[in-house]
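Following this line, the structures themselves.
Look for chain A in each of the two complexes below; its partner is chain B in the first and chain C in the second.
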Partner chain A sequence: MNIKLLYQLSVRNIFRYKRRNIMLFAAIAVAVAGVSSMNTLIRGFQADMLDSALSNLTGHIKVHAPGYRDDPSIERGFLLEDGFQPNIPADKLLGWAPRIRVPAVIMSERETRGVQLVGVKPEAELISFLADVPIDGEGLSGTQDGRILIGAELARQLETKVGRRLVMITQGADGLNRERGFRIAGIYDAQGTGLEKVYVFTGLARLQQMLNSEAVTEVSVRLKAEPQKTSVKQLLSRTFVNLEVMDWQELEPQAAAMYLFADGAIYIWFILMMSALTFGLVNTLVATVMERVRELGMLRALGMRNRMVISQVVLESTIIMSVGVVVGLLGGYLIYLSMSDGIDLSSFSAGVEMAGMSTHLQPVFLVDDFVLVASMSLVLGFLASIYPAWRAVKIKPLDAMRR
Partner chain B sequence: MRIKFCFILFTWPMLLSLVGSASANDLDAPLDIVALVTKAIDQTRGLSSYAEMSMLIQRPEWSRSSTLNAWTRGREESLIRFTAPARDVGNALLKQGPKMWTFNPKINRSIRLPNSMMSQSWAGSDFSYNDLSRSDKYLRHYELIHVSTQEVENHKIYTIDAIPFEDAPVVWGKEQMLIRDDFVLTELTYYDQDLVPLKQMKSLQIGELDGRMMATILRMVDLESPDQYTEIRYHKMDFDVELEDRLFTVFSLQSGRTR
Partner chain C sequence: MSEVVVECTGLTRTYDQDSVPVYALRGVDVSIMQGDFVSLSGPSGSGKSTLLNIIGGLDRPDSGEVVVSGTRLGTLSESALAELRLHKIGFVFQAFNLIPVLSAQENVEFILQLQGVASAPRRARSTAVLDSLGLSQMSHRRPGELSGGQQQRVAIARAIVTNPALLLADEPTANIDSATTEELLLLLQKLNREQGMTIVTATHDPMVMGYTTRKIKLHDGMIEEDETAVVV
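== the complex of A and B ==
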């Protein structure tokens, strides 16, 4: 088979119908650019969602006592030895934090609300959203700090401010209620009001004193990268034999589902845009074949094999597709670069925050996604050429010559 | 008492600055504030008591009046039961130490009140469950400060600020009590933490019931909307009555007995 001949035939053919083919290149390029730049946005959304799911006091892996998740109380806590360190290799561990998290009622002079009271070791909370949020007033100084940090939305609902006292009621280790006044050290402003309404932070040791317990209710571990989760989870379940060791996908099934959905969305976008395009491509190729009936008939009469005819049409389609894809990917990358500072969604902040996203969407460029778009486009180009090639083969030399 | 110490300990220039606050106290021998507050609380309770009273809830659009009976024993036990109007008859509230239950005959259930509901309104009035359960909390959670003494109609009236301790389970910035020298609490004001008054309970009429001086008409006003208030009038009061133990049980709460 003479590849060079086929190539020559295809390229000449493409140049013969300049206007039509330029339109086709443009259509492919625009579609590919659209799909590939959209992919960077979807990946950005996905990364953002993973980050907020992990920072939402979850971490990659969390350890609870059995039963805590059904009945969160200090009675379902567990003891950590003094100077406990999880046996996770340093190249995988980003940080870990012990916490107490119990439901509580918080009261101001005017209002009463239900919240989650969280006892933290402030220096360990670099792994959660607490490290990133702006705080009006002061942060907690240590585990012995008996003041509280509350969210801006909660402060608004309770009509209170920094330096005021609030009363909290929660259940102690003996099952009896404990109530105490807490002074507000600071008010944090998290993204969205969901977290702000729920979490109230205080020093871990002081909360243990109040609850009359030495236990913690959870240990949260944040890793340097998502794929290390499985091995570390096994490692931890050997350390905490009688406890529940769960990863974020088990703890936050909704976020995990959204994460998977974003993966799927990439394919959905691709199929939507490219399948529309494919019909255009099929149409163009059929038209070129039909315009060349005499020429193809002549070639057949001169002894060109069916296989060669098919290869010629397929090659032509592939060349058109590859040129379009290369231009399109370049365009997609340029669009990504122009957005690389992130997109400000704050004008839609109410809706966006409700969906648990940040108001700043930062696109993420993954080479894999571009390779995927390119290879899937080429496959489509190949599939699109099958029908025109079949039409070309069906031309009978005798009929063609008589026209 | 604190001020007396100051006289002894501090030198003359310091004393000058204290004269202003000390002069109010000069009227009187050192005042035992704790005893005063304790007695004021016990004044309306006795060892045990039985009361018949009426309650008027006044709102801008409507008002409602009802009558109720109340039994108390010591500082920790009490039972309140509605006797009118017909649709409220049998509604009751039981307090046993820190625990409270409500009973509603329509659903025939008694409900243990969670602590989170203690600051909410009782029976739609301006009183919260906390106001009803006021027992020894002033002695445990507050620093009591004698602010001033006034002389009104042959009575000394002591103004006492109750300031909650740092970690006390009290949301108020302070509470200010006016107590007459015959242990009648004439006024109680709740301040928020900016020291803006929010709620005020005032004695509108003081009289003698069963041998004790007490406020016979009390009015609780929400100072943020002054056209709303709740007024309680005592009609009959028996102190130191024989009460059976079983009166202050959940069973008795549900039985609906009135005596």
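== the complex of A and C ==
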């Protein structure tokens, strides 16, 4: 087949119907720019959701004693050997943190609230949201620090401030209630999220002393990359033989479902936009081909084979699609750049918080998504041109030339 | 003795027009020899264009047989017919039918490109044909920039550039003025006389018939007259 001839005919025919093809280019470019820029927002939403899920004291993988999730008390804790280190390769591990997390009641002079009292090693909490939030006052100095960190919203509800003392009641290892006064070291600001109302932090060793236990209730592991999760989970399952080793998707099924939905949303959005475009594309190509049916009939009468006529029509539409896709992707990238500082969603804070997102949406550019949009668009353009081309060669050359 | 280029035996062709059968050909037998310059004439509906199209493999008879340069057309697939038209038959249509996006030279080269002729010989052959038809000055003009007569000359150039065994022309002078018609007929006559090209043309035009060496007159799908002129 004479590719040069096909290319020459296709390109010249594209220029022959300038106005129509400019409209077609524009429609493709706008659709592709819309899809690709929307993808960056969906990916941003997905990344934010994942980060929120992981930072919410979950990590990629967590180890619990069996039954802890149904009855989260120190009695469902487990012992870690002195100097314990999880046997995870350094190139995969971002960090790990042992914790005690138990339900507690917190009381100020004026109010009482139910919270989660969390004993932490502050230096290990680089893997959780605690490392990122601004703190009014001081952070915890170490595992022996007997002060507490509370969230800004909880402080507002308890009508308290840094330096004041609060009383906490929780259940010890013997099943009896323990009560102790804690001074507020600092108040953390987690951007108004629900975390502020729930988590109260103190030193791990001091909480163990209060609960009269040497156990921890969880080990949280944060990895460098999401795909390493499966192999590390298997590794930890072999280390903690009698404990539950679960990944974030098992621990946060709602966030996991939303994460998967975001993946699907990319395809759904693409299919919706491009389906509408495809109808327009097929319609325009049919009109273009039918307008030239006499000419195509003449080419066949002269001896051009049907497959070459089909190739010419397909090549023509593929060139139009390719140019439209390139311009569209460029447009999509420029839209992404224009949003690179992120989008402020604070006006919708209640709604976005429910979706597990922060109020600042940072678009994420993934080359793979752009490649996906480009390749799917080209395949669609190719398929959309088959029908008009087939219609063109279905008409006998003689009948075509009589039109 | 001249070789037979076209052999038609018992050709019939019927069209349905509003469910009423229209008999375009009713048992036509004709042989066309190498070097013939044949006019197919007759009133509208006499079957001349149908016969021309069947000889060119653009239409198929309901019954009968056509042999072109030793090839039986009835047994050929659409693809094989396209191949035969590409290599053995040159076409000149009434409405010029040039490719509007190609220049005159590119139009002439088009068939050679389909045949897979390399760039240099292709250019040389198309240039030579355009020169011989007095079109060298217009070789880079597109059809829209040429007059009707010039377009038809380009169409003839395209039809003869491959040295086909048979040149078929359907009403080639229908859309051009008489001066240009004469010019074209002299050109076809020259091709016939000097190169021995076999030419079959369907026409209404007495001027065209005046130039042909064999005049076949059709009426109601049958050959009414078949007269060979003596060339002096």
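Note that in this section the second predicted complex is superposed on the first by the 398 of 403 C-alpha atoms of A that agree within 3 Å, B and C clash if a C-alpha of one lies under 4 Å from a C-alpha of the other, contacts with A are read in each partner's own complex, and residues count from 1 in each chain.
Throughout what follows, a residue touches a chain if its C-beta (ideal position, glycine included) is under 8 Å from a C-beta of that chain, and two chains touch if they have at least 3 such contacts.
Treat the numbers as computed from the prediction; the structure is a model and nothing was measured.
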item	value
Three-chain arrangement built on chain A, chain B and chain C clash or fit	fit
Angle at chain A between chain B and chain C, C-alpha centres, nearest 10 degrees	160
Touched partner set for A:127, first chain B, second chain C, both or neither	neither
First (chain B), second (chain C), both or neither touched by A:164	first
First (chain B), second (chain C), both or neither touched by A:325	neither
Partner chain in contact with A:301 - chain B first, chain C second, else both or neither	second
Touching partner for A:42 - first (chain B), second (chain C), both, neither	neither
Touching partner for A:54 - first (chain B), second (chain C), both, neither	neither
First, second, both or neither for A:183, with chain B first and chain C second	first
After fitting on chain A: smallest Cα gap, chain B-chain C, Å	88
Touching both chain C and chain B, counted on chain A across the two superposed complexes	none
List of chain C residues in touch with chain A within their complex	53, 56, 58-59, 78-79, 82-87, 91, 93, 97, 99-102, 106, 110-111, 113-114, 116, 158
Interface residues, chain B side, partner chain A - complex	114-116, 119-120, 164-173, 190, 192-193, 198
Contacting residues of chain A [partner chain C, same complex]	2, 4-5, 8-9, 12-13, 15-16, 295, 298-306, 308, 396-398, 401
In the complex, chain A residues that touch chain B	105, 107-110, 112, 114, 146, 160, 164-167, 169, 177, 179-183
